[in-house]
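Look for chain A in each of the two complexes below; its partner is chain B in the first and chain C in the second.
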Partner chain A sequence: MKSFFIPKKIVVPATADSLPRIREFITKVGKRYRLSKHEINAFKISIDEACTNIIKHGYQDNSGNIKLRVSIGVDQMIVELIDQGKSFDPNLVCEANVQDYVSSGKKGGLGIFIMRKFLDAIDYEVTSIGNILRLTKQRQQVARNRDQQHFSATFKKFKSRLFFNNYNSQMICCGEFLLLT
Partner chain B sequence: MELEVFKKNDVAILKISGDVDLYSSPQVRNKILALLAKTQKNLLVNLKDVSYMDSSGVATLVEALQLTNKRGGKLRLYHLGPAIRDVFELSRLDKVFDICETESQALNGIIAE
Partner chain C sequence: MDSFEVTKREQGNINILNIKGYLDAHTAPQLEEEIQKLVDDGKYHILVNFSELAYISSAGLGVFMGFIENIRNNNGDIKLSNMNPKIYRVFDLLGFPELYDIVENEQDAIDKFNN
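Take a look at the complex of A and B:
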């Protein structure tokens, strides 16, 4: 994965009233990294659904936290959700049939169905630090081109202002500069 | 999130404003159930000011659709913004719901109880 960023993170209580804060965080990070409205919305709803599952099925009535780590690169976006609740792998949930869902009144499974539609990969693992749910979405070509142009323009602007003795130091400083813009 | 109920030609219109998620969708459900309990057979839902809706919000509307269908009534959604439309299209629920662009389209053919 090509990347020029430092992951962002947030820790929130695993309660329903944390969901607006999580969405606000994703929106801010998305805008900061110039994601399209569609990309931000896709991530907001996928993360919201994943957090809802952690709150409802992972922690149930117990208290705990959810930690989010966001990484946004030129090619893809990854969000990791870490919790210490009961393990709940969304990949084990069967594909919902929307027609059956509506006709039979069956509840549940719609959130995971929506996540699968919006995302390119959903990975789950149980580790010593907790359950890690990794959500990946490939970036749209338009957004990737826009990011690459922004990266080139910012790099040129930065290079014109400062002089470095070698190429490696330019790359490191440029990466840091982008985080400050 | 805010909920307002209007009547036009004696048809109930529920206007939802704000985010509909796990936290707020029970309020929407209670309001819809109360409206349908008051012998309302048909219900229009204005989603113009809904900026975000998760699966719990969608499930609430699915339940409302089932209830109106059972009563031989109609549930129509209108004024969906791009973010909400995305959710309905990707989940293919846009084929299940009666989605209109405007209020007058939504009211068209609806007979007040």
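Take a look at the complex of A and C:
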């Protein structure tokens, strides 16, 4: 992934009253990096569902924390949720017919369906620092073009400044620096 | 902080709930409690107006799923109205329009209850 800024992080208590703070964080990061409203909403609801599952099933309403790491690139956005609760890989939940499920009258369990509908990939890993749930969404073409234009404009500006200062040899190096910051 | 409010009113034998704000795992118990009170009082004609709802997660949808069978078994229904496109999309993605009456406005829901 072509990242162009350092990932943003937040740590919140694993309680349902943290959900507004999590959504606010995603909205803030999304707006800062010019994601579309649709992209922000898709991530907000998916992360809300994932965090609700961690709170209810991972920590089983016991105390703990959830760490969120967000990185946004030209092609995709990734949010990692890290927790130290009971491990649960959402990919193990089989693909069911959502309508059959809804009509069955079961009260919960729709969160994973929502995540699958709104996201492109859900990866799960149990590591020494905790469970890592990685949620990926490919960015919309319009947003990607907008970002690429923004990046090209920034880079050209930077490049012409380098030419002006006769530091051509450092250009590639600084260009990579731009990609990462 | 994202808040949530439920206000109740009656029109004939129809109980209308206006929901406002953010409906998630934290606030869903408030709505659940209000619907439970109606069911306990034998009021099974429930209309939920979403015009002031800004956000819903599956915990909110789960509230309706938890009551619908009992309410329909008592010849009632929960009808949903005035959803903005963002809220409707969540219901639509999960196939709710096939199973629940989701109508444009309160009057449509009232007409459906009365017919």
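Everything below uses one rule, namely that the second predicted complex is superposed on the first by the 155 of 181 C-alpha atoms of A that agree within 3 Å, B and C clash if a C-alpha of one lies under 4 Å from a C-alpha of the other, contacts with A are read in each partner's own complex, and residues count from 1 in each chain.
Criterion: a contact is a pair of C-beta atoms (placed from the backbone, for glycine too) under 8 Å apart; a residue touches a chain by one contact, two chains touch by 3 or more.
What you are looking at is a predicted structure, and each value in this text was computed from that prediction instead of being measured.
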Combined model on chain A: chain C and chain B, fit or clash: clash
Touching partner for A:Glu39 - first (chain B), second (chain C), both, neither: neither
Touched partner set for A:Arg23, first chain B, second chain C, both or neither: both
First, second, both or neither for A:Asp83, with chain B first and chain C second: neither
Footprint overlap on chain A, comparing chain B with chain C: 16-17, 19-20, 23, 41, 44-45, 48-49, 52, 55-56, 98-99, 102, 105, 107, 110-111, 113-114, 117-118
Contact footprint of chain C on chain A as seen in their complex: 16-17, 19-20, 23-24, 41, 44-45, 48-49, 52, 55-56, 98-99, 102-103, 105-108, 110-111, 113-114, 117-118
Chain A to chain B touching residues, read off their complex: 16-17, 19-20, 23, 37-38, 41-42, 44-45, 48-49, 52, 55-56, 98-99, 101-102, 105, 107, 110-111, 113-114, 117-118
Chain A-facing residues of chain B, complex: 19, 21-23, 52, 54-56, 58-59, 62-63, 65-66, 82-83, 86-87, 90-93, 96
Contact footprint of chain A on chain C as seen in their complex: 1-2, 22, 24-26, 55, 57-59, 61-63, 65-66, 68-69, 86, 90, 93-96, 98-99
